[in-house]
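For clarity, chains are labelled A, B, C and D in written order, and residue numbers in each chain start from 1.
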Amino acid sequence: MTHSRTVELEGHIIDSGTMQRCFGAVMDLGGSFDVERFDVGKHETEESHCRLTVSADDPETLRDILHELHQNGAVLEDPSEVELVAAPADRVVPPNFYSTTNHPTEVLYDGEWIDVERIEMDCALVVDPEPGADAGEGARAYTKTLNAVKEGDLVATDQSGIRVNPPERPRRGGGAFGFMQGGVSAERPSESTIREVAEELRAVKDEGGDVMVVAGPAVIHSGAGDALADLVAAGYVDALSAGNGFATHDLERSIYGTSLGMNVETLEHPRKGHKHHIWTISEIIRVGGIEAAVAEGIVTEGVMYECVENDVDTVLAGSVRDDGPLPDTITDAVEAQDAIREQAHEADLVIMLATLLHSVAVGNCLPSTTKTVCVDIDPATVTQLLDRGSAQAIGMVTDIGTFVPTLAEFVLEGDDA
Amino acid sequence: MTHSRTVELEGHIIDSGTMQRCFGAVMDLGGSFDVERFDVGKHETEESHCRLTVSADDPETLRDILHELHQNGAVLEDPSEVELVAAPADRVVPPNFYSTTNHPTEVLYDGEWIDVERIEMDCALVVDPEPGADAGEGARAYTKTLNAVKEGDLVATDQSGIRVNPPERPRRGGGAFGFMQGGVSAERPSESTIREVAEELRAVKDEGGDVMVVAGPAVIHSGAGDALADLVAAGYVDALSAGNGFATHDLERSIYGTSLGMNVETLEHPRKGHKHHIWTISEIIRVGGIEAAVAEGIVTEGVMYECVENDVDTVLAGSVRDDGPLPDTITDAVEAQDAIREQAHEADLVIMLATLLHSVAVGNCLPSTTKTVCVDIDPATVTQLLDRGSAQAIGMVTDIGTFVPTLAEFVLEGDDA
Amino acid sequence: MTHSRTVELEGHIIDSGTMQRCFGAVMDLGGSFDVERFDVGKHETEESHCRLTVSADDPETLRDILHELHQNGAVLEDPSEVELVAAPADRVVPPNFYSTTNHPTEVLYDGEWIDVERIEMDCALVVDPEPGADAGEGARAYTKTLNAVKEGDLVATDQSGIRVNPPERPRRGGGAFGFMQGGVSAERPSESTIREVAEELRAVKDEGGDVMVVAGPAVIHSGAGDALADLVAAGYVDALSAGNGFATHDLERSIYGTSLGMNVETLEHPRKGHKHHIWTISEIIRVGGIEAAVAEGIVTEGVMYECVENDVDTVLAGSVRDDGPLPDTITDAVEAQDAIREQAHEADLVIMLATLLHSVAVGNCLPSTTKTVCVDIDPATVTQLLDRGSAQAIGMVTDIGTFVPTLAEFVLEGDDA
Amino acid sequence: MTHSRTVELEGHIIDSGTMQRCFGAVMDLGGSFDVERFDVGKHETEESHCRLTVSADDPETLRDILHELHQNGAVLEDPSEVELVAAPADRVVPPNFYSTTNHPTEVLYDGEWIDVERIEMDCALVVDPEPGADAGEGARAYTKTLNAVKEGDLVATDQSGIRVNPPERPRRGGGAFGFMQGGVSAERPSESTIREVAEELRAVKDEGGDVMVVAGPAVIHSGAGDALADLVAAGYVDALSAGNGFATHDLERSIYGTSLGMNVETLEHPRKGHKHHIWTISEIIRVGGIEAAVAEGIVTEGVMYECVENDVDTVLAGSVRDDGPLPDTITDAVEAQDAIREQAHEADLVIMLATLLHSVAVGNCLPSTTKTVCVDIDPATVTQLLDRGSAQAIGMVTDIGTFVPTLAEFVLEGDDA
């Protein structure tokens, strides 16, 4: 027996690749389709509309197909309301709970399509029918990580009554920011690409947007710390997300003039230098933290110094490979994720510098609409980060030690002009 | 003033991504389009048909857009005959000569669409109106590298009268062979993927197809030489394309039991061993070549031995980093390319093992319809090879030293069954 | 004015590279040396002895030189007792505290050289004069991480009275285990090297030693989970150190038959599969943990299952990129490090499989005398791990998806024999 | 029965690692040693001297040990004259011919130690007793590749009468140029290291030395072509060794403003651009070569243009992956090697930029005393090049697209000062 359902898609569904993915999904999963209607936008600015009946030999296959189409933005012809089930206990979601994508999403609740807030992938979708004192406000919907689910939360199950809106290909260009492109090539002109990033950074700030920098220890080793500190001092960084290692290397530079024992200007490697790392941590523990160390004049320059001086929202997330750690480091992973999540949801542009661990952590919390720049010397890292699915991303396989100074130069020369 | 032309596309143009690429190209290049007609295949087996008018503000932009659409299979509404210009001298092509893609191509000559033979990218397209004694045969068309063009050859210019047929997405599955997928992931189950390659290899041979292996020296260093020799001995390899280094390492193993001086079984590194390499070359020069060395019993096992014994079509292409070289090595790059080209055009399945240089050389000569398997430990190499554009390719980031033995085991266990 | 001190070195100080490093350090740091006496071992089994006076123009340089020589095993001619200072507060060490190396170390306390226990680098060195009820026992010395230091702990400062014993080059062979070799070459025969690892693994178990496996999620993605589970089931793994991702992928395989949604045997990619990951976590949270899931029959195979069934000491350390996490995951980094430290100090052989983060965490806790095997497809990862300084290490750049099955085959075929 | 020989070593044999390697080799190969005498240089400027008797159970082992010691600079106690055998035919060397290292070497001929000229590894060593008309000149010795050996050449066999002089560790510093260091770390401050390379480049030119640049196509793709052209124009490059691809990309930029079709300044990718590559080659063929294209005003800027204008010694070596090739490309590998060899023997500093193939070709011809700088984004490439064994090398894992502009800036700002 054949099982069928009819779905609808609309938007720039041809050139955004939506139709290709939908047709492909049906065939890959062993179903078949009949195109009921296909109104192709006559012009590049007109949207297309498609009504499609998909069929499969068994209900499971049909469900899998519908799931895939759903994720590409298809909605059932006659959508029903979102199905909500109360969470039976803290951190426990109902079976078959709806797990979110990172695309803008709506739920059909009480006859209306409500925007889901705080979009983030792999979360539960919770509807709050009465979100508070403001009686007139109506229901709200938002994502919750498994950890944050509370007993009684109304959690969406299945996918009915949920509409996903994947980003569409911009009608015009997009410069260095590619649309949903997976591959990463080292074969791009480096300085021109950095100039585009610089322009984007300035543009975001000009529009009052928030810039978040995610930085790994290599930024300091490679001698790029001063340039990043300059960007912070000039107000181009609103949030910094890093780890214990990054902060320690940066503080070591201010206290001892070395990074992991190497003088990054003279290249001299004071043999005793590899103890500077652990001594730096000990020194910061002694005074009680980075702010105290700045206040007491122990730390007088560098990225962490500028973050303190410029009130940059800073999160240092701990990891099992940390030495110390510094008192400022959040050692609990869940607590650290929550802090990162707050930063990520504020950001309009995220610049990921030479850290896979922290970049993935940040990327996990980002909606697909946030612009991201990923820079690493390892192409596998850049590929992995781009695969997370920002619709507007620049990936650069380059040397962080020349990237940051060049970026700072391009950004700051604009200030002089 | 607006300049416009109307083109037509047909086939599985939605799910093969053709429409997406065409619409994208028009917008990227600053033109606009009007869809005159779009008949969408109602069912996954029905082809679609689209008639599209593209416009631009100036004739140059229009030409660029038409060029791009052309490469995606679009033809002008009323195609004119191919434009042919005689080459003014050997190796000199007319200005604005048509440079081929690697997709199946036809030319409209004397009122008929003729298939272009020996498809290969970045070549001139030559039409031979009277290809020989066989009067009844009619005109033929084929590709010629710049080097091979002779004075008087009728070379196609512009793109009118030329139709490109990019491969379409297979209607069903495709197993491990992905359709036009650029990205490469190390995150695939290794042994299962190798099993699929083994099945494909057996299938190609069962159908009487030709298998070409492209191998780098790492195959021998990594201890995989015996396994490759077993595949050759069992008749699974019809052509071998390699370099002087591969052959020398393999011959060294047979003569001295080492590869670059290391015993690949005991891992002992006879200190004197690094001289074995140059002594091996000297020994082969002395007897006059590899066949002679086999005949005289100097070489008694290994890949080169089995290739001689099993009449495998072998090409050793020289490079500037070669020691020696062996007398069998073709030191002239153009001559070597021609030899590789002959092999490549025969192949139904090409397996590229741990060599970027030789794989690119082979890839340059392949039509997009030849199945290829690319194996390398460096993801950048695999990505670069897949980017060359085979429509059916498997890329594996894995260790050649375990890949080849596992492949041989899977292929040959089928023989026992 | 010239400042000088005389130090002594003994052991196989020429062929272990000690003298080369010491002479180099003096020259690099701008000092000079006079060899007072150098008795070279006449035969390869005889130790050498060297008395050396080093000089520098200022006391700081001399101190830096002495520090460097100290770390290579030099002791002052007339060593004084270790200098101990009480820690002023919890987690606060005295200024100029001695930061440990990962080499076996002794302290001169109360006229006797005492072995330092729990050797680990970048720690404080604490002496406990009266370690407990057992009056006859005498003083003990051990390392403490900064975090673990308690107010009043007697912490060693400076380096006087401390003797470091770097590992010496083994007199014979060492097989695949190189002595202090930093570089990594992919140009080694893969299967032969794996066979050596297998033999070492069996040898360690035959001698009653402990084997610790550190595993990343790629072990499961790559289809190697079954082989690792087989090794666990056969009793070859005493401790497993991994992360939330590894465990989740493994549990997903048992529950859904997929890893990140891909069936690792058939390579089929159920489109809905990428939800399996988050559903798996939700399921384990529901029942309360992995052991409960095994007990209730929800998880019936795989690495985690075998670890539960075989009482393998398992640590799952959390990180900021985790989904969930599972209830078994230790989310606090310091707590997780302490758990890893216990495992690491027990281990006689550590096998690091495709995870940089967890391998570094484990490596940080290891003395330089523990044998380690590092396997990753990324040469940069292997290099970084070998640089941590095990004296006996094998680094392999290979595919974890073929490495583990081949290793298991080689190890287990020994059981049948 | 025990077989023994006595050898002598002298120089800075401890801190250059010579003794460590020699003792290690004896033990690895299963021999034993007795130190007859060991005079250790008392001070860092004094040389040491060692007389050593090595023994083995069989003559083969002893020979292998002696070979290894020989390569580290050991000479037999009573060295005999070099053993010469006439080559029986062109390209055929006598059995057991001596294959050279890349270290400075002498031969004992007619009672005198003669320097071997044109030092290069894996060559035959030929002595010419009467090197020409200049009767008073005495015998000369030089290396010859197997290919260049002529019938009757007096070729050294065995290693008696041959003394190798491996480079010694410099007494002081060495800056960024490491001594014989194999490993490569990305963890170095990028801009400071580039500044050191710039200073070295200026120093070599100030001393009248020759600078050779080896460049891959990525130099042009990455937008670094202008900076390299500036260095050529300013007279900092004496020789350029590259391939057909590099030259074509550079010429394409001059003719079409694109590299492989991409505008490296605006990042625009004219869709038709990928035809520029093949059109460029066709254009150069038409006019007869690069010099002609410059003379006719077709090529007016770029690296190749500056090389023509500044009479830089340029070699374009062909390879099997070339398109075209250009008429200037030497397609025969042996002929190309000979041309590269001439360049390499002249060079005092070699800078290798993002090409493995050409860098290995050049490295093969270099004595161990030539300073080299290797720059690539792939750590495996840098490692492989450093392993070739220059005694003074800098390896940088960085982005060629930012490296060359930064280098040019640092070098040329010195000109203004």
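A few comments on the model shown:
We take it that a residue touches a chain if its C-beta (ideal position, glycine included) is under 8 Å from a C-beta of that chain, and two chains touch if they have at least 3 such contacts.
Every value quoted in this text rests on a predicted model; they were computed, and no experiment measured them.
The minimal number of chain-to-chain contact steps leading from subunit B to subunit C is 1. Just to note, of A-B and B-D, the chains joined by more C-beta pairs in contact are B-D.
Of all chains, the one whose mean C-alpha position sits at the greatest distance from that of subunit B is C. Centre-to-centre, using mean CA coordinates, subunit B is 33 Å away from subunit D. Taking each chain's centre as the mean of its C-alpha atoms, subunit A lies 46 Å from subunit D. For the pair subunit A and subunit B, the distance between C-alpha centroids works out to 38 Å. Multi-chain contact residues of subunit D (touching two or more other chains): 28, 186, 380. Within the complex formed with subunit C, the subunit A residues making contact are 25, 28-29, 63-65, 67-68, 91-93, 97, 99, 122, 146-147, 269-272, 275, 277-279, 281-282, 285-286, 317-325, 329, 331-337, 340, 357-358, 360-361, 364, 378, 380. By the touch criterion stated above, subunit C contacts subunit B in their complex at residues 175-176, 186-194, 196, 218, 221-224, 259-260, 262, 264-267, 377, 397-403, 405-406. Listed in rising order, the residues of subunit B touching subunit A in the complex are 14-17, 19-20, 23-24, 26-28, 32-35, 38, 40-44, 169, 171-173, 182-183, 186, 379-380, 383, 387.
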